[in-house]
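Order of writing sets the chain letters: A, B, C and D. Residues in each chain are counted from 1.
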């Protein structure tokens, strides 16, 4: 039961969806549409559980007064504020949008922009031409970095066309090869999951 | 003579047919016009000499319309009226047309064939792998794994294993877990501490189980400490700062980053480099590979992550699928060569085989 | 201590400071370097120019504030172009926060051309579900879009009534920061329905799109802030993307110098070991 | 007025985060935790209103479609691990979503990726300028050599080894290009924030 039922579900849903793609008969199309709607609803729970875990871990942190527990209070207050604003005023409510615009936008944009500083320090401390491969990588990177911005044109007129050529010839070729490889890997993983050959994601022994 | 010529040039023709590859719920009406028109009116009737009712006005730029307001099995006649600068132009009547059900979408036959070929290749080799041992080439980053763990042992420092930031339903995380099993065996055998911080609760319980089993397998169940395999937080940046904290406090001698990574790849690799650790990375996220290649000592590129997991586990299922994927690659190479040759000799038919009907 | 030794052990805060200055100074004192135009950007521009007036352009805002800096200027320039050519803009978003950003962009551009909501442009809101949703959308818009973003019935707007399925969409323009995004539009929407797709992406995901550009599955591409600056130049509106290009140039030069310096130290360390 | 306060809040949070570059400090920690809290709240609200409500709860409670009890129950099974006795129930939502997504995935990879990308590699070698011929040959060989690098069934020796090696070079050029673009992206984000501080907040540009 603990294994057979889940395996039957994955097999049933998977095979049915595959067949429905090729069979334009109404009943098949409607059923596959319904399953897809259910799917959209169910995947929301994956995020709900993540947020539940977030709350749990921070409440524990405050209870046990672990290091930096005071900051967890901030986290929970703002989480609660956002939830209240959203569930009372709706996702287009003024308070919700205000919080979004003046907290979420600057915080998230600034967080990601920190990476600009890290990339600079990594460029100096970590990106070394240790072997021929890394050397090739760094040369291509330098060409693109200079050739893609206006100063590149100022240095040499041919830079933009050189970079465009790198992008559309060697880059395209390699990316396409990599995509083929990754796609094949994913198809075979997907097939194994559907057929129940791959079941490690279920965890557990029973 | 002149008149006939005029009609031929300034005509509008209409054609109606059963929409291919549908469930018999529509008729497609298509038209061609030699004159610019401002709008098109589509008319329909059930008798050839009956009254034609307008059913739809089509926008400029369109040259077909799917009539879905039909009864299956009924015969219809169509006619269209175009408004032009020179007044209304009406087409001849076309029909009768009837909508019917198709059981197989022939427009997708090429997809069907491709899937069958790939499935067959993978399943064939999986079943063969259960009977005989299949060969997988050496993967350089894996040879370095032993050395890296050995180094940590000599220095008396811990090993850090980061299984990516996605959950256990992601193929890359699954692959990462089988590599973790091997890393855990090695570290357990040497008695080296192993930290596995995770970003998902379910990934944590899976990692705990994998590490525990590995410890038991090499006869060191006492080595396993559940608290070293910890769930930090689901949040991307919260997770990274947690992992960074471990790196700065515990100073692991060897860092593994195997699984799904996004923007955090750079922060991890940079911090790890600054602590002087040997770093082995691997991901099938093409966007993050450059940082790993430039900042880590060894990197598993894309599909190599899956291959590494097959190589280490020696599980027939994994080895067999990998072999099946290899056959897929061979087929791709031949198809590409055939396509190029077909282009040279001017055989367009081969090219068309790869178009699926919208 | 040798000079290189001291450089190699430099406090990384000095590196941070240099990068900060490389961005701030050119914004205050611009150099005015000219922006060159690349082919993938030109082909988006040309398509908008070539389409007959009143064509329907689906604009999908598939990014969040994290990528606003790169994609918002492109959104503005593109909307400006669409409205100038009197195309109709049907906006939606695969990322929830995108809708708000899209509305802010509409507020900035629409009044300039006296465009009216519901007739010339509409925002049908966030559409979750990635691939599955796109497949449904192309088949029958009504299954996915019942209301606009404010919850008003979609049929109460002339533009809402005009778009029934993929055949009513003349072009899809996605502003995409990741997943779901441009790749979904290409491999699900374009593959299934054949609607032409163009996109603006963050610079990070731009290289990944080149195979699709060369296969024709993707019509054109605005890569990162540079792509936005190119589009601004084409449309003739000098705005924040163009303003940022000088900083971008100088910061790149600084990083390239860091890479070169780091590798000189590497060579020097090797020599010393020998 | 409210907008001005908002801009000041945003500027304060931005600077708090940048203070981390000097060293870790309470301002950064507070801003980081606020960020996590706000975005978690944001996503919960949005997923509720856009995924769970329209796809599950409205059909069930408003339209009375009892079939929708199934997905609602399946969704709640995500929380099963909290009760050790029935923790295995989490496998049901997991397998349900995987069954659907994996099959769609296979279909779309083949239709949207493999077939068109193969077709796009059938590049013409005749009737075009010489440099274009050279580029096309390079693309064709690049794809093939990259595929050979990912061929795991034979040791990379002899001709195969050479081909795989060339495959790596192609990939390294591609990664390098990508690297350059990523740097570009991060710098652009920084420009965006500095623009905000100088333009919207301080109004000096």
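Convention: contacts are C-beta pairs under 8 Å (C-beta built on N, C-alpha and C of every residue); 3 or more make two chains touch, one makes a residue touch a chain.
A quick note: this is a predicted structure, and the numbers were derived from the prediction, not measured.
Asker: Which chain's mean C-alpha position is the greatest distance from chain C's?
Answerer: The most distant chain relative to chain C turns out to be B.
Asker: What pair of chains is linked by the largest number of C-beta pairs in contact?
Answerer: Going pair by pair, the biggest contact count turns up for A-D.
Asker: Using Cα averages as centroids, what's the distance between chain C and chain D in whole Å?
Answerer: Computed value for the inter-centroid distance: 15 Å.
Asker: Please report how many Å separate the Cα centroid of chain B from that of chain C, as a whole number.
Answerer: Once rounded, the distance between the two centres reads 23 Å.
Asker: How many angstrom between the C-alpha centroids of chain D and chain B?
Answerer: Once rounded, the distance between the two centres reads 12 Å.
Asker: Give the residues of chain D that touch two or more other chains, as numbers and ranges in rising order.
Answerer: Only 21, 32, 35-36, 39-40, 42-43, 46-47, 50-51, 94, 97-98, 100, 104, 106-107, 109-111, 113-114, 116-117, 119-121, 139-140, 143-144, 147, 149-150, 171-172, 174-179, 181-184, 187, 189-190, 192-193 qualify.
Asker: So which stretches of chain B touch two or more other chains?
Answerer: Residues 108, 111, 115, 118, 169, 201-202, 205, 233, 235, 237, 266, 274, 286-287, 290-291, 293-294, 301-303, 322, 329, 332, 356 of chain B touch two or more partner chains.
Asker: Name the residues of chain A that each touch 2 or more other chains.
Answerer: Residues 18, 21, 36, 39-40, 46, 49, 51, 54, 100-101, 104-106, 108-109, 111-113, 115-117, 119, 121, 123, 125-128, 130, 133-134, 137-138, 141-142, 145, 148-149, 167-168, 171-172, 175-176, 178-181, 186-187, 190-191, 201, 204 of chain A each touch two or more of the other chains.
Asker: Chain touch graph shape: choose line, ring, star, complete or other and state it.
Answerer: complete
Asker: Which part of chain B faces chain C closely enough to touch in the complex?
Answerer: Touch list, chain B to chain C: 59-62, 64, 66, 262, 274, 286-287, 356, 358.
Asker: Which bits of chain A are touching chain C when the two form their complex?
Answerer: Residues in contact with chain C: 33, 36, 39-40, 92, 97, 100-101, 104-106, 108-109, 111-113, 116-117, 119-121, 123-130, 138, 141-142, 145-146, 148-154, 160, 164, 167-168, 171-172, 175-176, 179.
Asker: Going by the contact rule set out above, which residues of chain B touch chain D in the complex?
Answerer: Touch list, chain B to chain D: 108, 110-111, 114-115, 118, 134-138, 169, 201-202, 205, 233, 235, 237-238, 241, 266, 286-287, 289-291, 293-294, 301-304, 307, 322-323, 326, 329-330, 332-333, 335-337, 339-340, 342-344, 350-351, 354-356.
Asker: Could you list, by residue number, the parts of chain A that touch chain B in their complex?
Answerer: Touch list, chain A to chain B: 18, 21-26, 29, 46, 49-51, 53-54, 57, 111-112, 115, 118-119, 121-122, 125-128, 130, 133-134, 137-138, 141, 175, 178-182, 184-192, 197-198, 200-201, 203-204.
Asker: List the residues on chain D that touch chain A in their complex, please.
Answerer: By the definition above, chain D touches chain A via 2, 5-7, 9-11, 13-14, 17-18, 20-21, 26, 29-52, 55-56, 59, 67-68, 70-72, 74-76, 78-79, 88, 91-107, 109-110, 113-114, 117, 120-121, 135, 138-147, 149-150, 167-184, 186-187, 189-190, 192-193, 196.
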